[in-house]
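One structure below.
Naming follows writing order (A, B and C), and every chain is counted from residue 1.
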Amino acid sequence: MTEKLLDLRGVSKSFGGLRVISQLDLHVDEGEIVSVIGPNGAGKTTLFNLVTGVYAPDEGDIVFEGGTLLGLDPHEITTRGIARTFQTLRLFLNMTVKENVMAAAYGHTRAGILRSVLRTPGMRREEQAIAQLAEQRLSFFGQRLMGYRWDQPAFSLSYANRRRLEIARATATNPRLLLLDEPAAGMNPVETHEIAELIGRLRDEGGYTILVIEHDMHVVEGISDRVVALDHGVKIAEGSFERVATDPRVVEAYLGTKAAASK
Amino acid sequence: MATDPTDPNAPRVGVDEWVASHEQRRVRRTGLLGVVERELERVPSPAFYLAFGVAAAILPALTSNGYVIKVGLDTLLYMLLALGLNITVGYAGLLDLGYVAFYGFAAYGYAMLASPKFGLHWATVGVIPLVVLATVILGFLVALPSRRLVGDYLAIVTLFFGELFATVYQNGEHMSLLGFTKAKDVTGGPNGIPNIDQFHVFGARIGTLNYTAYYYVALIFFMVLLLAMYLVDRSRTGRAWKSLREDPLAAELMGIPVNRLKLVAFACGAGIAGLAGTVFAAANTAVFASEFDFTSGLLIIVYAMLILGGAGSLGGVILGALVVNVSLEVLRTPGHATWVFYVLIAGTLVARVRPWRWLALVIAGTAGFGFVVHAIVSAAWPRGVHGQAPVGGVLGSGLGHWVILPSNPMTIGNVAFVFLVLAVLALTLLRGWAQRLAMIPTLYLAAFVWENRLAVEPSVTRLILVGVILIVLMNARPQGLLGTSRVEIV
Amino acid sequence: MNWNLFLTELVAGISHGSVYALIALGYSMVYGILKLLNFAHGDVYMVGSFIGFGIIGVFGGATNLSVSVWVLLFLMLLGAMLGGGLLGVMIERFAYRRLRNAPRIAPLITALGVSFFLENAAQLVLGAQYQSYNSFSWKSPIALDHFTLPAHAVISYAEVIIIVGTIVLVVGLTLFVQRTQLGKAMRATSFDREAAAMMGIDVDNVIVATFFIGSALAGAAGVLNGIEYQQVWPYMGFTAGLYAFIAAVVGGIGNLPGAVLGGLTIGLAQAFSIGYISSTFSDAVVFAILIAVMIVRPSGLLGRAAVQKV
């Protein structure tokens, strides 16, 4: 039986009077690619924020690899093995491409200030390992972020490359679970197709378990083992893409009651 | 036909030319300054630091003027302070407005452990590390409750802490523990702590007021810390600090313990200020709390240095401290200051007024305007021109015929100062030929105010100047703190 | 229980607290709209105080007033409020306006620069020494008389004027903010500047009005402070501004009733610390209160926690 890698049980979250997530049960098994869909305001990014510890749930539990994530600081959750990208890109724009990725290796490296200043052999070995790790993660995207690009500041990258860099940076934390928040947002059809392929490769070659928020149904259809649909913070459907896409409640959430009725 | 890989004009396959040439699209200064800047950028930083180190080391050999050495020592102390503040502000992005309190705390700490005050004369090799450690701990303690604060709140808390420190130490000549113990003289109050021990190591003791020796001590400390910062910059902690400055939330979510690193940055900055404080105390042989409060301007001056040089940049620390402190020193003597004032005005005009015809017009116009006004005033009201120009020689006598120097310049000088501020502000609102014509009376007014009021009270003038520097710098370079204006490709 | 000491410090705390409240209101208003800590605000208070001082001089000086004291007070307040407001508007226009979209640290540092500039310019032009309103020489009940309280404590007429004046100004401000168009525009802009602009609100105007009103209040505070506590000197704005700042933060920055509450809190904390412990430790007490509030209720006593959208 596959282990539930991530398990949310009865999670609720309110902001002021607004209930953003309501009694949510959601799980991701190891090796799965699960897509979360839903209209804007459905609580999808809030879900990510809850899992990564940016917010604390009002009710319920979030369990990862058998241990609870409640009460942990976000950076602790990341070192436990969960990494994410952001809906609105949050790169370290004034740092180089390579530095962005190397920075994310902090959580699983050890050299402190003293050893860095003294340049101990251990520290130097670790620096080399970090550099190699960064190069390897960046090579995942083909030639796009390789070679001369390593020393370019992140703000000089094109939009699509910035999205790729953010994914590369997230993988540098050596996660088991990747949370991708609208990875194909703003991309043209060719780039979107590439991203969909990339997500598949991330799971197949990289071994990551992936939870994706996505609006583009082609991507969702192409990559998902399972789809979860949210609306107003409540799970309204779950299952394969075909089942969820034709679920009348999902259609209603996206298109309104008349559309659901006409189905 | 194969492409020659060494030909710079050959097409580079697989290279996105637009992106690869992004360096060329950075905002650059034109003209002479631009050329200088580009050449400077080619020099790798370690070479620059080394050159600075060598130059600074030779300086005392080149001059026997004690005053110059003292200025050099002060500059080095400022550099140390800027280096420490650079970690807190430039790397971790924490606005610490109470930074100078760490400097003062360490200076007093050294004074308490190595002076007749409490009869303690501990060995230098023990006191310095102890005081630095104590300052680091103090930094931790201040940062601890503040670590969850957004930048603005941290600014207030630290600002108040700085003032609290100065107030407590200023009134420390009768301190009692909340009224439970008898009042004791802990900090010497307004009289401070005098007769501080000089550094002594293995029997060798630095002579009192031997600024040259302290100069070298400060230089060694600075170069060592500079090297350390350079190495940290290229390490995991340096990257983490930079990420923290860029985007604290993203950094936290990439596994970087943001709060912990903020504490460390804060404490490191405090520690460096602590080290500088011990040198300050020993070199000056006495400490007074008033030197560390807000009105002394120390905090503002260090910030001005940091920003002028570009926070986050190590070379900037050196440059900023050098430029600001040397400028402020020059401003102390009215004679030198006046020369610098006019040279600066002339320089700014040359740099900003284009084309040359306008430049000539403005300069000639100001000169002519001045002579005319001076003639009218001396004819109509002789007492208006009998005052003294603060500078002698050729410049002085020239100015005597150009600038109006009333025999009693106080009131009219003050009024003119206010008008000058308003005029300069109005000048920023004008454009084109109106702006250039308006420059003429404004420049003349500036000379009037300078000769009659500003040059005469250099201690206040230098502080006014620092305030103006901060305002102008931040408005001219709002991204200001990071050095390069960037051209973003979206 | 020493009631005399208690009541004396209570009165002192409320009157000082009222002055802090007036200054804190300006800080809060500007922060609410621009998210900017206007360090120079305390120096507007200082300028207001000096304007009042100057007006005394214009009408003959403290010992030889040529107008009645009530007229003098009115003119002082008017002058200080107009002058302060104007100064605030100029500061906004020339120092902060270009930095509206710059990283937050830029206007903060600029504000420091403006503050330092004002303090030292004042020292140059007005002299570094302490001057005095000398209201005891005004030969008027306002300066000399007092109400008697239980336990032989007193509250001087001047302190009453401060408290009443503050109440009037705060009520006026509240009515303005709640009832007028401009007041509504100010509240809208402080919630969401971009949305307000899209609703047709002239954000520049609103910001100018905010600075004017806030600075006018600070100017008034300067005069009110002067008639009881006498002293004016170039650096008075720094110290008072710092305390008022803390008051605004403690009460909940961006929140107007919070600013008033904060002002009174800090004023009372100071007064009771000075009375019961010592003046040096009063600073430590205020600092402790600040830290305590920051830890327990980071958004201030009456503030609302802002939710950051990720």
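We take it that a contact is a pair of C-beta atoms (placed from the backbone, for glycine too) under 8 Å apart; a residue touches a chain by one contact, two chains touch by 3 or more.
What you are looking at is a predicted structure, and each value in this text was computed from that prediction instead of being measured.
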| item | value |
| --- | --- |
| Chain separated most widely from chain C, comparing mean CA positions | A |
| Closest chain to the centre of mass proxy, which here is the mean CA position | B |
| Separation of chain A from chain C, taking each centre as the mean of its C-alpha atoms, in whole Å | 48 |
| Chain centre separation in whole Å, for chain C relative to chain B (CA means) | 30 |
| Centroid distance [mean C-alpha coordinates] between chain B and chain A, Å | 44 |
| Junction residues of chain B - those touching two or more other chains | 249 |
| For chain C, residues contacting two or more additional chains | 310 |
| For chain A, residues that touch 2 or more chains besides their own | 54, 86 |
| Chain B residues touching chain C - in the complex, by the definition given at the top | 89, 93, 95, 97, 145-146, 148-149, 151-153, 155-157, 159-161, 163-164, 167-168, 171-172, 175-176, 178-179, 249, 294-295, 297, 300, 303-304, 307, 414, 417-418, 421, 425, 428, 453-454, 457, 460-461, 463-464, 466-471, 474-475, 478-481 |
| Chain C residues within the chain B interface of the complex | 31, 35, 37, 90, 94-95, 98-99, 102-110, 112-121, 123-126, 128, 235, 238-239, 242, 245-246, 249, 277-281, 283-284, 286-287, 290-291, 294-295, 298, 308, 310 |
| Chain A-touching residues of chain B, taken from the complex the two chains share | 14-15, 19-20, 22, 228, 231-232, 235-240, 242-243, 246-247, 249-259, 264, 268, 482, 486, 488-490 |
| Touch list for chain A against partner chain B, complex | 52, 54, 73-75, 78-79, 83-84, 86, 90-95, 99, 102-109, 111-113, 116-117, 119, 123, 126-127, 130, 143, 147-149, 152-153, 155-159, 169-170, 172-173 |
